[in-house]
Amino acid sequence: MSQSLICPDAFLSPLMIDEAVTRALAEDLGRAGDVTSIATIPADAIARAKVVAREAGVIAGLPLVATALRKLAPEIAIAAHARDGDRVAAKTVLMDVVGSARAVLGAERVALNLLGRLSGVATATHEFVRRVAGTRTRICCTRKTTPGLRALEKYAVRCGGGINHRFGLDDAILIKDNHIAVAGGIRSVLERAKACAGHLVKIEIEVDTLDQLDEVLAVGMADAVLLDNMSIDELRKAVAMVKERFVLEASGGITLDTIAAVAATGVDYASSGWITHSAPSLDVALDIEI
Amino acid sequence: MSQSLICPDAFLSPLMIDEAVTRALAEDLGRAGDVTSIATIPADAIARAKVVAREAGVIAGLPLVATALRKLAPEIAIAAHARDGDRVAAKTVLMDVVGSARAVLGAERVALNLLGRLSGVATATHEFVRRVAGTRTRICCTRKTTPGLRALEKYAVRCGGGINHRFGLDDAILIKDNHIAVAGGIRSVLERAKACAGHLVKIEIEVDTLDQLDEVLAVGMADAVLLDNMSIDELRKAVAMVKERFVLEASGGITLDTIAAVAATGVDYASSGWITHSAPSLDVALDIEI
Amino acid sequence: MSQSLICPDAFLSPLMIDEAVTRALAEDLGRAGDVTSIATIPADAIARAKVVAREAGVIAGLPLVATALRKLAPEIAIAAHARDGDRVAAKTVLMDVVGSARAVLGAERVALNLLGRLSGVATATHEFVRRVAGTRTRICCTRKTTPGLRALEKYAVRCGGGINHRFGLDDAILIKDNHIAVAGGIRSVLERAKACAGHLVKIEIEVDTLDQLDEVLAVGMADAVLLDNMSIDELRKAVAMVKERFVLEASGGITLDTIAAVAATGVDYASSGWITHSAPSLDVALDIEI
Amino acid sequence: MSQSLICPDAFLSPLMIDEAVTRALAEDLGRAGDVTSIATIPADAIARAKVVAREAGVIAGLPLVATALRKLAPEIAIAAHARDGDRVAAKTVLMDVVGSARAVLGAERVALNLLGRLSGVATATHEFVRRVAGTRTRICCTRKTTPGLRALEKYAVRCGGGINHRFGLDDAILIKDNHIAVAGGIRSVLERAKACAGHLVKIEIEVDTLDQLDEVLAVGMADAVLLDNMSIDELRKAVAMVKERFVLEASGGITLDTIAAVAATGVDYASSGWITHSAPSLDVALDIEI
Amino acid sequence: MSQSLICPDAFLSPLMIDEAVTRALAEDLGRAGDVTSIATIPADAIARAKVVAREAGVIAGLPLVATALRKLAPEIAIAAHARDGDRVAAKTVLMDVVGSARAVLGAERVALNLLGRLSGVATATHEFVRRVAGTRTRICCTRKTTPGLRALEKYAVRCGGGINHRFGLDDAILIKDNHIAVAGGIRSVLERAKACAGHLVKIEIEVDTLDQLDEVLAVGMADAVLLDNMSIDELRKAVAMVKERFVLEASGGITLDTIAAVAATGVDYASSGWITHSAPSLDVALDIEI
Amino acid sequence: MSQSLICPDAFLSPLMIDEAVTRALAEDLGRAGDVTSIATIPADAIARAKVVAREAGVIAGLPLVATALRKLAPEIAIAAHARDGDRVAAKTVLMDVVGSARAVLGAERVALNLLGRLSGVATATHEFVRRVAGTRTRICCTRKTTPGLRALEKYAVRCGGGINHRFGLDDAILIKDNHIAVAGGIRSVLERAKACAGHLVKIEIEVDTLDQLDEVLAVGMADAVLLDNMSIDELRKAVAMVKERFVLEASGGITLDTIAAVAATGVDYASSGWITHSAPSLDVALDIEI
């Protein structure tokens, strides 16, 4: 029923999990904790719960669910039936949990918010990935992520079979129109970038027209070219012009409707902000019996 | 062109703005900062920029935009042409900015990610609010928010004309099915809750059936009843049964398609998780001239 | 010898315990740790210690004591003989501890400062609670708490049998004289408050005179009325006027000497700032044998 | 009307003020801020306020009050009429404030909680200090402070004319009964301490009997001796025995009733835990006109 | 007397400066602040101070000095006579400062520790840079940095004219012997790396022998090759073999004595851990007149 | 092969270890973790590793190494063969480690950076300590430490057999030339210091000339005198003048070449900033087999 999409680099550091979960629990428990459960559930009541995907999708965030539960009840028993990166059908049970009812209820919303959001990103990514199967094109994300959750959302993109673009402004050089204008043109901006970049820093330059692409071809120095908001026809011409001298990334307004055509042009990457900034949450639930 | 929807309590504390922006900037600037701009833009270059709403919507997050820019360039000049809570047309200029080009480029993505996400929530909320105009029903949010951004998203809900539900588990008592089951029924759970709640803590109880609602009516003690996943017909009956003895909140699967019918039943509140967990970002941009 | 007063909602989240203890230990250990014990006690010396209440009182803070010890010596053995909320006689042994002598000595002052302060608050609260036994009046706290320790002190109030008032300014609406004045009177301020408050936010209004109370009765909309600094006679009249239409809270200058008379008037709540801002510490000690 | 007691070292670092106030404001404003004022006070309303000491006492904490107000309204106007360390009569106006009404109301409780608590400590300290006037004895504090507020409370002790004992376990060597027992006696423990202590670390040793004091006199090596729970008569003998070879500190159960007699014995210091752990708050208020 | 070496990307974000200085000041001021100055210098005394380089070197860290002073005295006047990246002679005055004497003395050690350490790194880097002048070889750093100061030390490397290697493990792929061994050889490890790396992630592989280099040449896929601990003769052969197909980095045991010979081989980069982990501080001082 | 130098007070609190390691790991793992190992090493691969001292020296930091490994792999097996403070020969194996290969590789650099730096400080300290063996002189450090690492470096000094000077400005009173000048001379400055200092605060005064020393002898009140930048001859005279009335500390430009002569003068302490601010790292390595 589930099929693993996980690429080997879908990985979250224990430090990052701990920090995200602690922050989210503090936000939800507030100053007095789960007052409803405290008032109505005995401290020693035990709950049996199932984490369930109510709709089909790609899962991301299970280690965060486990950590949220353990933060409130270290001794809780958890049996995972899926792993991040798995594609699952609707109604799949992802985890069985047995432990303190108060802890399960207290961690429920935090766990589901994290799991739902990250699985939403993974699922959206996978929708794109599916449509480019069999082509050379890979799907990548952008920096259009939820503030404070970037590393988690980039992880979810990997779980969905996508590739990460820059994690931040310091991750690589990406030259845009303003940089070109200020530096006085494509040759000059690339020379400046090259002079400053160490040998482990890649340089990508954004072009809006095939004329600009021509100029980049003349100058060289870039590792990749971002083709911004080009038509399918322009993309196809760009691929022909570049003949694999640079990595080519198509970007701007790519949707599930257009991605197959984009991939058919032969670009190496197609990037989408939508998969992180606007992907709907996956519907996940915690079915509890106390 | 813009019309203020802001209710007087749409308010963000300076401490919260500072914390959210610092965190988001640190995430994006990483360890080496905006290496592209540093390499290609002189330190003393000045940029003129416009913050623009590319599509129509309700704005939320402008104070965060201003703070992000000022964190990187304290002396930057900012002229705001809109306020949070304004409903604006596509292509509305929200802000004019003049200052350090490196700072503007360095803060751009953080500012837009915050503004786009919060305006997305405000706009989604307003879509619901529009559809209930003229009824007694008010739109409210849930705890299905982005981990780490709850207070900001709840603020965006207010900017969109919505009402906030609980900020966290400690904010009020909300009794759900599990609490009822463990406590041994509706009377018993309400008695326990009442015994523990101080005089400034409201009690809401979730019911799935009209029989349960009948029982709540018999017991009293609750301030509000959440009608979970009921049909339009059931909601109408519930309103008739309760005769304003309790506040009634409809919840579960309410969409833009169904909200008008829900409101027509006469419930006091309709709550939606979708407006926070799955609202698409509003398309906003920073048009820069250096 | 000990009798449990604990109400079921006396609860501290593990996150809060961890944060408070870490902060307090860091404050006391400073940059070089317990230099005296390091210089004079071998690293492998074992201590047996008893946590003792030197005077009678109500206990609050034992989980913090255990956490402080475990932070410095994870393997320490702790046997608790009392629970938070227990009323104990002088000389009651609350806990037996066996473990690293350096850790016990290093955590001693932090553990006792936390236990002494919180038990002081619980004991002071209980003194009030005892005097209202048999009446409808419940004792509640205020926001006059020690900065940085509010959630812990509110927990101690619950351990002492009291009820918590607002945890912060965002917890409920409490309208005071200045709000009334600015809004242009009681009707107007209550209308504004009602328009902004969600269905899970209670509204309390403070009145200084019976005439004001009369006005509140005419307007309605409030859930509770705070009777500020009224005489016993005024309180009695207020109760008669209100006839349970609102919850009534007496506040202002209530002492152990006056509380019985206040309760005899039939108010629902009597609130005291003294139990948190000025309660003396309970005398607790750690008797150590190495 | 006010008389400055401030000793030149009553000083709080700006970093510490900032941290304490930010923490306290966050605690009180919670996730939604001062909802009452937001709902009922216009954003541009201006308040005039007076910070008043309702009862006589020694003031400590005014810089924290100013910082709390400025955090919420950077442009607020503050005129201080007193300084920390001033002894003031009842009804003294300490500060005039003009600025955003919402900010004044939002910071009010935090400001008063800090000012009331620290002034309470300063006043309690001064009560002891007054009673030892004309003797060689100075009043000092202990480590029995409120967790998280130690540096602030030690500052308040200085404002009250007292002297600070250790700020933490790492501040000096203070040998107690357990250290003596484990090390095998007074000579041995002092030798160990001396061997480890650098030249800027003082050594104090606690003794319960005059026999122990005799032994310390024989060994030397200590800088100070803490006379624990001795009678007035024993203290007098101790002073005679020591003849200023060591600094002598009387400790244990010293009250306002006994302090004069303790000072008359000629000890150099008398230490009190009560001035920090159990001093009642000074009654301070913010009288506001909007 | 001073000559700027600064490359345009020597840049520190304001957030990073603030964080590093706050942390260092807190470490030095401790719980009671600069007790010596508080006791002996009046609060209103003004100091005139000069920040001086006692020995010749390359300066890095002046913005941190200014921030440290301003944190303790916001109104302090600072006139800078040098900029980070300047090479200065012994006894050069770098800054004139006029302001609160207590603040200048309180910030002195923190300011000098930061300036001395970072200038030490910049100066050490520049020593290497000088020796490769006129060659194609550039000097770069490693991850052998002081824990907690990496971004600052990498900045100092740039001030000294060096180039930054990876900021962290997530910055690029650098394949070492263990990775090769586990993956089953050079071809296989490069294939795995290539499959996972996005288009903005460079791949470098470390080789110990020319045979291994041969294999990398056969496989391709890498962007750079790290030649580990090779003799001058081997380096020369490697350059000849590679013919600019990859960037070549010489690493391992390179010293000021050997760097010229290394550069003469024609490698693109020579990396040194010594410039960050073992560079001596530059001797800087604050000459103060009060 | 190894010989323990550890003095009983070489101690690091668990809180401090946790904080330093978490911070260093976050710095190195960044936002995406060890991408190389994730791409090339299977998640379940096991590594056997040896922590080795490649050169002879004194070890400090092993508990930090263990914590770094455990943070990434809680179940890792660690067998320590040395303890902090041990003097070891080149090629000594300090620790055997068996566990997750990814965790070992991910923690490697952080572990070595901490161990190398602290062992470098310990070794440098011990070089001085060795040269004063048999004299009364003890080696002590200064506040010239790496910002953010002071407590760790002071610990390393103790591991090397040295004594700690002040941990911060609040640790003791150290009067320097500026304080003397402002206060109007040695008598006046010492009187002010004495008036403010509590009984557990030592007072040291810095003198540049024997005339100044004479004046200090006349005044008394100081516990220690720092002889700043004096010649060997002056130091000898100072010792003769003081006749053990004060502790004497020689400071300023003391090197491994001069330390024996300094010690021969009979001063009590010789302090060196070099051992913390400029000590080269000890060469340590992690030899890994996967």
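Order as written gives the chain letters A, B, C, D, E and F; numbering starts at 1 within each chain.
Just so we're on the same page, a residue touches a chain if its C-beta (ideal position, glycine included) is under 8 Å from a C-beta of that chain, and two chains touch if they have at least 3 such contacts.
Owing to the predicted nature of the structure, the values given are computational and were not obtained by experimental measurement.
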Original post:
What are the chains that chain C and chain D both touch?
Top reply: A, B, E, F
Subject >> Required steps from chain A to chain F (each step between touching chains, minimum) >> reply: 1
**OP:** Check C-E against B-E and say which one is joined by more contacting C-beta pairs.
**Re:** B-E
Original post:
Between chain D and chain F, what is the separation of their C-alpha centroids in Å?
Top reply: 33
Original post:
Any idea how many Å lie between the Cα centroids of chain A and chain D?
Top reply: 52
Original post:
In whole angstrom, how far does the Cα centroid of chain B sit from the Cα centroid of chain D?
Top reply: 44
**OP:** Could you list which residues of chain B touch at least two other chains?
**Re:** 8-9, 27, 29-33, 35, 38-39, 42, 106, 150-151, 164, 167-168, 170-172, 174, 192, 195-196, 201
**OP:** Report the topology of the inter-chain touch graph, choosing from line, ring, star, complete and other.
**Re:** complete
Subject >> Of chain C, residues touching chain A in the complex >> reply: 8-9, 11-15, 150-151, 154, 164, 167-168
Original post:
Which residues, counting only chain F, touch chain A once they are in their complex?
Top reply: 22, 25-26, 29-33, 35, 38-39, 42-43, 71-72, 106
Subject >> chain B residues touching chain C - in the complex, by the definition given at the top >> reply: 7-9, 140, 163-167, 170-172, 174, 192, 195-196, 198-202, 204, 223-224, 247, 249, 268-269
Original post:
Can you name the residues of chain C that touch chain E in the complex?
Top reply: 27, 30-31
Subject >> Of chain E, residues touching chain F in the complex >> reply: 20, 23-24, 27-42, 45, 47, 101, 105-106, 109-110, 112-114, 116-117, 120, 143-151, 167-176, 178-179, 181-183, 189, 192-193, 195-197, 201, 274, 277-281, 288, 290
